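Same chain, two partners: subunit A is paired with subunit B first, then with subunit C.
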Partner chain A sequence: MMTKLLTKRYPGMRAWLMQRLTALIMAVYSVMLFIRILILQADSYEAFLDFFQPSWFRIASWLFWISLSIHAWLGIRDVFKDYVPNMQMRSVLLKILVVLLWVYIAWASWLFVRK
Partner chain B sequence: MQVNETQSSCHCKAKNRPKNLNLFTIRLPINALVSILHRATGCILFLVLPIILLLLQLALSSAAHFERVVSILDSPFIKLMLLGLAWAFFHHFFAGVRHLAMDVHWMTTLMKARYTSKVVLVLGVLATVVLAVKLWA
Partner chain C sequence: MKFSIYRFNPDVDKKPYMQDYDVVLEDSDQMLLDALLRIKDLDDSLSLRKSCREGVCGSDSMNINGKNGLACVTKLSDLEEPVVLRPMPGLPVIRDLVVDMTQFFEHYNSVKPYLINNDAPPETERLQSPEDRAKLDGLYECILCGACTTSCPSFWWNPETFVGPAGLMQAYRFMADSRDQALDERLENLEAPDRLYRCHNIMNCVDVCPKKLNPSLAIAKIKDLKFEQAREHKAVAKKHIEIKSL
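Up next, the complex of A and B:
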């Protein structure tokens, strides 16, 4: 069965599928966001807060950010694999990448969840 | 990028591998152009994440900060940078959707792939132009 490809024995298949899944989530969110920006025309501070108020929008934004983090981790990791042949250098860069993405997740969570 | 694992992890001596350092001898067909731009724009989007979060935090924090953000984004130079960023997003988006389509075996012959590459490039520029008109008009 195809599902065999999704076990730990084939990490590349998992990475590939995750990159597609997160891409799909982000694509749907982006279209929603553009339509919402066009409809709501939030050009004052109050309107901007209202734009941000609904909990479904905050949850969607948070899910978007989680997807973005996984997507960027897999994507930038591939870029490092291609262009940074030195293993020590690569592992340092990967650690910096992971720390940055976790900091951004904490930051974004704080922005989307508070109040 | 699809790199053949058995090739990339082979134990052959590194110095025996062929190298081509003259970039001008590499031809860049349209599919390759869309592909490398997808990679470049993905990296750009990653690099601007902290700026996006910072602007978002400022805009949410108070009415005065919100006005400040609006006035920053209103300057012609920043608007131009914003357009560049918007193009990066649009291109990555359309090229990404093309990727997903081809992953489910849609539009995969060479002729069709070259056609959808053109569509991706045009859509990315078109969306940016529409945004530019909205920003300046």
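Up next, the complex of A and C:
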């Protein structure tokens, strides 16, 4: 319901809210990551693999990545809107960005899913 | 004192150029506007706007050593030489330091900068409590000089769609007014993605405002109000669905 409302009636607010929500998720994850680094002190490749072993941390990392991708999409889209006045060029750049972000999401998903 | 001033007369010049002036100032010349009038005595072809000479009318806003400000309240002693003067960026130049502010005032008009109250006028004034009146402090003082809007990159890149900090602060000035009855209408008026949300808190507006106002804060408050409005609409819509399903 909220999504429908925001999409139809508040198209401007939707992007603004989404940017803040994803920033919040990234901020929480970053603090959590920092604390884990301090506690676990992963100083070897094996220790680093163990660092990402717990399922809850993989899900959190995946959520972080999704948030980063959405945040990047909204931010870079605005940059293109400001600095690329040529509509054809902007359209091409936005398409490249979408493909790139989906590739990164797919890659990150594969990394977090594999054992 | 040395000055380098942007010159452009569309009737004569093919493109703008910078003209240097070296002017001897009197002891009474304390502000930049005093020096500009001294220069104008030497070269009356120089065009600039001015009126009140005390930071109230907002006519003599210009780009002073790279930062927008009012010539009449800028102390000469604070300026590095040569003082580089240009018209405010982001608006078409009419001549020299005079810009065409039509776009700026169109955005200002678009936010309906006047009280909307459909009640019959009372016999006396529409009264406000001191607390409600205090909510307008920091908003009503805007002199519409345009220094903030023309220093905003979001306005430079989207001059036709983004209202700009001055217009948005005036929009909030009436949203915050307890006597106004058009809050919903005012919020809806700013919903198009580029009208309000092109503000990315760059804060140039706060940095340059000669009246030390904070348009960025006013814009953030509008965004909060819009969020509240969306939540209320959601609650109303939910209630509507509940009634329908009964």
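In this text, the second predicted complex is superposed on the first by the 108 of 115 C-alpha atoms of A that agree within 3 Å, B and C clash if a C-alpha of one lies under 4 Å from a C-alpha of the other, contacts with A are read in each partner's own complex, and residues count from 1 in each chain.
The rule is simple: a residue touches a chain if its C-beta (ideal position, glycine included) is under 8 Å from a C-beta of that chain, and two chains touch if they have at least 3 such contacts.
This structure is a prediction, so every number in the text was calculated from the model and none was measured.
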Review point. Is the number of subunit A residues in contact higher for subunit B or for subunit C?
Key: B
Point to revise | subunit B versus subunit C as contact partner of A:Trp56, first or second or both or neither | key: neither
Review point. Counting only touches as set out at the top, which of subunit B and subunit C does A:Pro11 meet: first, second, both, neither?
Key: second
Check your understanding: Which partner does A:Asp78 contact after superposing on A: first (subunit B), second (subunit C), both, neither?
Key -> both
**Study point:** Overlap of the subunit B and subunit C footprints on subunit A, listed as residue numbers
**Key:** 12, 78, 81-82
Check your understanding: Within the complex, which stretch of subunit A touches subunit B?
Key -> 12, 20, 23-24, 27, 30, 44-46, 48-49, 52, 68, 72, 75-76, 78-79, 81-82, 104, 107-108, 111
Study note, to complete from the structure: Residue set of subunit A touching subunit C in the complex reads 1-2, 5-6, 9-13, 15-17, 78, 81-83
Practice item. Spell out the part of subunit C that touches subunit A in their complex, as residue ranges. Key: 153-154, 157-158, 190-198, 200, 223, 226-227, 230, 233-234, 237-238, 241
Check your understanding: Any idea which subunit B residues touch subunit A in the complex?
Key -> 1, 3, 5, 39, 42-43, 45-46, 49-50, 53, 56-57, 59-60, 62-63, 66-67, 89, 93, 96-97, 99-100, 103
